[in-house]
Amino acid sequence: MVQLGANRYGKAEVRVMRVSRGAGPGGGDVIRDWNVSTSLSGDLAATHLTGDNSAVLATDTQKNTVYAFAQELGPVPPEVFGMELAAHFVGTQPQITRARVSVEEFGWAPIGEPGYSFARTGELTRGCRVVHDEGAGVSVVAGLEDLTVLNTSHSEFWGFPRDKYTTLEDTDDRMLATQVSVWWRYRGTGPRGTGAPDVDWDAAFGVAREALLFAFKETHSCSLQQTLYAIGEGIIAAAPGVCEVRLALPNKHHYLVDLTPFGLPNDNEVYYPGDRPYGLIEGTVLADDAPDPGPAWA
Amino acid sequence: MVQLGANRYGKAEVRVMRVSRGAGPGGGDVIRDWNVSTSLSGDLAATHLTGDNSAVLATDTQKNTVYAFAQELGPVPPEVFGMELAAHFVGTQPQITRARVSVEEFGWAPIGEPGYSFARTGELTRGCRVVHDEGAGVSVVAGLEDLTVLNTSHSEFWGFPRDKYTTLEDTDDRMLATQVSVWWRYRGTGPRGTGAPDVDWDAAFGVAREALLFAFKETHSCSLQQTLYAIGEGIIAAAPGVCEVRLALPNKHHYLVDLTPFGLPNDNEVYYPGDRPYGLIEGTVLADDAPDPGPAWA
Amino acid sequence: MVQLGANRYGKAEVRVMRVSRGAGPGGGDVIRDWNVSTSLSGDLAATHLTGDNSAVLATDTQKNTVYAFAQELGPVPPEVFGMELAAHFVGTQPQITRARVSVEEFGWAPIGEPGYSFARTGELTRGCRVVHDEGAGVSVVAGLEDLTVLNTSHSEFWGFPRDKYTTLEDTDDRMLATQVSVWWRYRGTGPRGTGAPDVDWDAAFGVAREALLFAFKETHSCSLQQTLYAIGEGIIAAAPGVCEVRLALPNKHHYLVDLTPFGLPNDNEVYYPGDRPYGLIEGTVLADDAPDPGPAWA
Amino acid sequence: MVQLGANRYGKAEVRVMRVSRGAGPGGGDVIRDWNVSTSLSGDLAATHLTGDNSAVLATDTQKNTVYAFAQELGPVPPEVFGMELAAHFVGTQPQITRARVSVEEFGWAPIGEPGYSFARTGELTRGCRVVHDEGAGVSVVAGLEDLTVLNTSHSEFWGFPRDKYTTLEDTDDRMLATQVSVWWRYRGTGPRGTGAPDVDWDAAFGVAREALLFAFKETHSCSLQQTLYAIGEGIIAAAPGVCEVRLALPNKHHYLVDLTPFGLPNDNEVYYPGDRPYGLIEGTVLADDAPDPGPAWA
């Protein structure tokens, strides 16, 4: 005999561009360019077992709600959008006890003076994931993906164990590059209306991003793990309300090319970036007093 | 003050092609085409906090070990490869208490008579994820990704709640398409050498795949959730030793085109497949007596 | 002073799924799953120079026409669809003197007995490109992409020039793999209605595909160029009406892993497939009496 | 009987990162991050017909030469790299009569003060394509891809023909977005050493990019074709030595969401960006006295 285990469903990748005309500095337009995914869970056994959909708010309806809320809420930060939308689903659908809303935000910069014309920036994707749980309250995780950073020096790797399969040489001067995926969790979760975090989300994102870049640059790295920890520590120190940071850092290897067959020196000048395989370093840094995450990362 | 939380590291996407010449039916070559990722965890605080790498088996060494084991083990199923490799890391590195090995396997079919010539099949990617934990023992999860299936009829969707944002009409005849991601967990985990599953892995994969296709076809679907449950149930019933199935099913919407502006009928004949957004249905089906998964899905 | 040069415009990637219920063998449904792109050219200077769109059939209209023709034409081969659609644009829009219609076709196979249930095959993408030119007539190019093939032996590469940058060793036994992009041109182009090719398109596609696989397998290859030529020759010989074949063959290198540091042999057993860089071999094979292509490849 | 037609071969996607330490402003490092593809043609019939490789400079050798030239040339603009490398192949391989070198350049910006630390910019990819032909001389095409720009207003589309398949309404206020692919050709081609263009390549790239952004912003657009022409005209006017511009502009449609079912207004505020299909506008703008391109675009 079998039974239904954990489950959830929703609409993924609802693209929405919200233009607020003249609302920006200098009277320029403000645009919020999002990719929104919703996911609901609760008592959904009936649809799985018998196809009875009386508890299944259609994913098409979820999509419509994204658009409607984009209109009604105006150019809010994605975290606010996520909190409002998640609260709506849990608050209006009796059978839904948890809603997760993820938002990817794509950046745009004005072309010239602020106005109606924009070019997409592409150095990173901002994101947030809001979980509204009937019991555990609201949690907010924010972060970024796809930010690629590189140090041409100030990176070493040596002193690792050598077994029969080890051929890598120690090095005290290597290139270090990674494509950062980092997500940080805010304190202050709790039932909506009483404990929702009071954060300037756009500012906090900027602070965390700067802390990340600073830590990457300033850490003399003996391992990518050391850099990871320094980034986590830096974000917690700099961004008010952040209690936990999770990072996934691919080690984007840059291999020194052997030019000796051609009679040429290569004093750390010519590298070839490899695609695969790559090291992958994953880790968490927590404030000592970080509260339990509950379903924040679910 | 901050502290280090959960962490792991390894080499991702080690591509390896293992040719076993003349070892196949009719004297043809056997090829195993894999993408292997390893991930180790244990007492790794030192490298994070001080850059002391004395406990960090280099990811380059992990890559080398993948190649060496591919040679030594021969054309084994990916699950066997994963179990041997994971056991090696935990067994030889004192500070490593858990190893995870993931293998993607790409399919190839002989061109004509079996021999030296192959064409890649592309209808799915097979995979497995082995976790060897010093305490919890060995667990094996297998599965597949990217199998796209479609029913042109025998699918309905109606009876869902209607709120102020609902515009979707009930339908008793829609196209149903999904790109299956499914993973199943085997029973029999335990310390290696005493409790490792005794399974014909290649055969079990085939059985699970057939059960999936059969359940997709034979389920008259009132929701993709219902289809999901039927697939999970079907795999557990058919594949010996499977105790849990996890599925992620994007609803690849096919929208009926409105041809009335052109004076044309469209009796469920012309659809446009949408890219985004898509429904995403995720769920688990368990045998009633499924043992605790431990770190199997970590 | 500047002037307008060559230009064209259209709608790209119109996805359309055409279901013909019960029209297949055994009463099963027939599906045609296409990605259609249209491109029109002619006297379009006004819209470029002044924004006068009186000659610009909207790309939205082109999209609508794709859907309408899918309905009206039924489950025809993509080449027929392309010819009809291209003729329509040139025949009804006075300012349009040339239309190009490209169709990608994705394959589906019945699950079990023919009926309503299908699984997507993924080993290749079929395609065609039809050009209807008011002056030059109709030309049809068909082909396929993404078919990956591999010979584990019967491939050599030696005797190439050695300059100061050459380090590659001669080999008389290497693995040869490529992801085939091949397009073939049919004879018989001419004004529509008098000279359109009379071909069984689905059958011709199958013949060409088989000829390609056979030539790849049977050619003892001293270079990928030699294999390319053999494939082109094979398709022209086998597929009635084909006068020209164009191929682009990436050399998907499989490098033998050096296992000597680990005390292991590697008698052509363990390879790592590289992603980048890759050799890229491009070439054309023509029947001696191939007519001028005109705009067939534009 | 068949014959060999046009053909070429080379190494594609050779990734190379060239670090010039301390060579930048403020003593920071200079990095050039490239993806180089080479392609050679000439008398290559033998390898196609008989597998005789005596005229085939191995693609592995071409790759090595990329690395060696990166070392020897230092941090030159990609156009200079391309000219030197292409000249080398034609000048040293008697059977090779034409070489094409394509370079993609990925951008990096210093993190903080110039030094050893960089973050990848991602708003566009710079590129160039150099063709060195024994007869026709050297030609240089430069350009960029993947720059996405958007005007929230100042775009109209009306006055297009209406046939039986037309449903699109006229609009005098739409969003206009495109992902620019633009390539411009420099004058001054000719035999190397006498006629190679004398251009400050990095500066010219910047000028062309600015002209493109300015033209996109300042053109009140009645069609994407009109914008295309304005961009081409702007680049030719601004960038010294440019005689021809080729553009491919996908119309990245942003559709206004119909919020009336929810009782909400939508005064050009909430859009959904579509993925497919998209309009695709391709065109060329030429200086009146542009010389014949020869093989520049081959």
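As written, the chains take the letters A, B, C and D, and residue 1 is the first residue of each chain.
Assume a contact is a pair of C-beta atoms (placed from the backbone, for glycine too) under 8 Å apart; a residue touches a chain by one contact, two chains touch by 3 or more.
It should be emphasised that the depicted structure is a prediction, and the values quoted were computed from it without experimental measurement.
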Taking each chain's C-alpha mean as its centre, the one farthest from chain C: A
Tell me the angle, as a multiple of 5 degrees, of the rotation that maps chain A onto chain D over the C-alpha atoms. 180
Chain B and chain C: spacing of chain centres that average the CA atoms, whole Å: 31
Whole-Å gap between the CA centroids of chain B and chain D: 39
When you check chain C against every other chain, which residues touch at least two of them? 14-15, 64, 68, 165, 167, 261-262, 275-276
Residue numbers on chain D that touch chain A, as the complex places them: 14-21, 29, 31, 33, 64, 67-68, 70-72, 108, 111-112, 115-124, 146-154, 175, 213-214, 216-217, 254, 257, 259, 261-262, 264-266, 268-275
As the complex stands, chain B meets chain A at residues 1-15, 37, 39, 44, 47-61, 63-65, 68, 92-93, 156-161, 163, 165-168, 221-226, 228-229, 232-233, 236-237, 244, 250-251, 276-288
Interface with chain A, chain C side, in the complex: residues 164-165, 167, 261-263, 275-276
